């Protein structure tokens, strides 16, 4: 059990870290998909079946597609990539330091806290219970989420839709 | 080390990886993906506490479901923004997106 | 309404599927090597040489090696060497014959120009299309012996055309005989040659 | 899996299970769970592998007949050995990898695709007692597994470093994103009415007959029929079958994402396409056509897996028939059909299903009202949206080919 968790942890962290370092965007996106699959495996391990499948459906089925599409639609021009220097060392160092500090603070907090009542058995939660929860106490939140999704979809279409064709004098 | 601690450390590590990517990488898409990773790290926490709290409440799972929906919305809008920026700047490096007027 | 066109299309294909089991018009495929196709009379692909008799094809070739086809052939796939000696043809006249007559069928484009230009009706189009060989060069180079086919075969594959050719040849032969007879008769009737016309003769 | 609940004369029903138990009986008890799992996997692989082999033959034969030619008939009796000849040919062909290609992704794509397309079979109940894994969220699992196949197609197209393959990859992404939505929306009414995401429970909910002849399959209700049609159209697109085979449109993109694949990798893509098709059709059978339920009470003596197989084959032959009939769509027509026609219809269908679920208690004359309203809710939007979809498209006039 703990061995499986360790393996999953390794998979998630390694693929995410490598994905964030790679230069090839397609490779990073595909590795991130692997990481997301690892997270779904973690949910399965924890007994949250429904969430795991939803995670795969949303992340692997939808978000990864959109990301890959965005990568393909935004190929950087060759000369632009060469002329501008890549991310500066200072920036990288600062970013890594910030992330490291966050990681150490969080890790220390986790390691020093004593959690009460470590359950050994996964709580039983059937899909039916989940549906009752979503449609009962959390119905308002569900509706709001639906509205957010709709608005986000429309907004995304509006933002990404091509602007009306520029007039001839706009071309330089 | 209890499994719960390991789960929390995993989520902490994932969060840091996402944060590091968002801070260091110049590519807008990778920054977005870093933010997604941070969201996922938060979800991991919810599930871990739900699994090991031992209580009857299932709020953790429900919250993760909402969080997934919001993450999908965030990705859609974020990538649409990236494409819009690319259309103006012909680049998706965040350092290049310095002009307010397209 | 939307979708009716789709259903119509599906009906058409279903009719074909069912019909192919009982309606020969909906399954015209021949199982080729076992069932040979009935070629239409006008079908033609590569040239062959017509000989008068099946027993002695080399002796009775109509070809007189005039080399017109060789010169006219657009892809230049015909090669002819004239014979040194002469042989009597079908009419009994002494003629040169082709010592070598080769057609490279890998080059031939089946244009039938050789047939059009041949003054002796000696090259015609064949109907054999299964000429695949296991090598690239030698087997596709058809020699005189492989090309020669009797007139009866020509009648078999293109009956209408062959009958017409025979009629024409017979008429020619008849005309030649008549001319020869007339010449002979004139010779016997008037032993002295007629006087040369006063005008138009070549200056000797 | 309760063999005790079945009468003893139904031994055919239980024969596969008994065979499996007989084989695992030779092993020590500690290994039996492993052997059971392995036997299930091997059985699924063997059955669907063979089905794949003969489906390719059937497809070629039927396409041939529809195009007025006999199809392959030389290898073996009636061409029955043709799939194996093809297999040997694919295995012995040279595997060409372009020098510019991304070697890892190029290699991984077919493997991942086949693996993912096999995952779906785990939750399909092939018979009364034949389901590999009983999951609470089985339907969700199935579509999650199916959603990942698009990535493999993208990997194939992108890793080939070929412009046609890349175009195919982008087309595949656009197409699969577009049709994922109607596919998912089409089965939601089923989940609503059955009240469960478990495939076995959904099949059980379709059991029983009215008067012993009319089965309670979901396809025989207005919303079920609409959902079934939408599901099948989306399934055609999801499995990249004609008329939605834009990613591998031969006439424009050579072979799309398959351009740079040869030999056994190509065969794997082919296999994955047919596995995906079988899985989607199996899910359609489970969701709408009553799964392994017999069509009338008198025919229940035939084992349930035979019924499932018959329904599955019917749907697969329908796919082949459609492939032989309809010409390929254009990219804009494809996405327009998904977003402006199928998605609204599927959403309205949700409302129809809700109405149907709310009026479950109506009887007598009200039952007629219920049917009339539901039919109107299905047919009205179809006609109206259809009119919108085909606006500006005049009926085609055949000037030279009129019959």
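All chains are identified by letter, namely A, B, C and D, in their written order; residue positions are counted from 1 within each chain.
Assume a residue touches a chain if its C-beta (ideal position, glycine included) is under 8 Å from a C-beta of that chain, and two chains touch if they have at least 3 such contacts.
What you see is a predicted model, and the numbers here were worked out from it, not measured in a lab.
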Any chain that touches subunit D and subunit B: A
Nearest-to-centre chain - CA centroid comparison: D
Centroid-based (C-alpha) most distant chain relative to subunit C: B
Centre-to-centre distance between subunit D and subunit C (centres being mean Cα positions), rounded to whole Å: 60
CA centroid of subunit B to CA centroid of subunit C, Å: 82
Where subunit A and subunit C are represented by their mean Cα positions, the distance between them in whole Å: 78
Subunit A and subunit B, separation of their C-alpha mean positions in angstrom: 5
Residues of subunit D whose C-beta touches two or more other chains: none
Interface hub residues of subunit B, defined as touching at least two other chains: none
Touch-based graph of the chains, sorted into line, ring, star, complete or other: line
Contact pairs between chains, per stated definition: A-B, A-D, C-D
In the complex, subunit B residues that touch subunit A: 2-10, 12-21, 23-27, 29-30, 32-34, 36-37, 40, 43-44, 47-48, 50-56, 58, 61-62, 64-66, 68-77, 79-84, 86-87, 90-93, 95-96
Subunit C partner contacts - residues on subunit D that touch it in the complex: 62, 65-70, 321-322, 324-326, 382-383, 386-387, 389-390
Touch list for subunit C against partner subunit D, complex: 1-3, 6, 9-10, 12-14, 16-17, 20-21, 26-29
Complex contacts: residues of subunit A adjacent to subunit D: 26-27, 30, 33, 49-50, 53-54, 56-57, 60-62, 64-66, 68-69, 72, 126-128
In the complex with subunit B, residue positions of subunit A that touch it: 1-2, 5-6, 8-9, 12-13, 16-17, 19-20, 25, 28-29, 32, 35-36, 39, 42-43, 46-48, 50-51, 54-55, 58-59, 62-63, 66-67, 69-71, 73-74, 76-77, 80, 84, 86-87, 91-92, 94-96, 98-100, 102-103, 106-107, 110-111, 115, 117-119, 122-123, 125, 129-130, 133-134, 138, 141-142, 145, 148-149, 151-153, 155-157, 159-160, 162-163
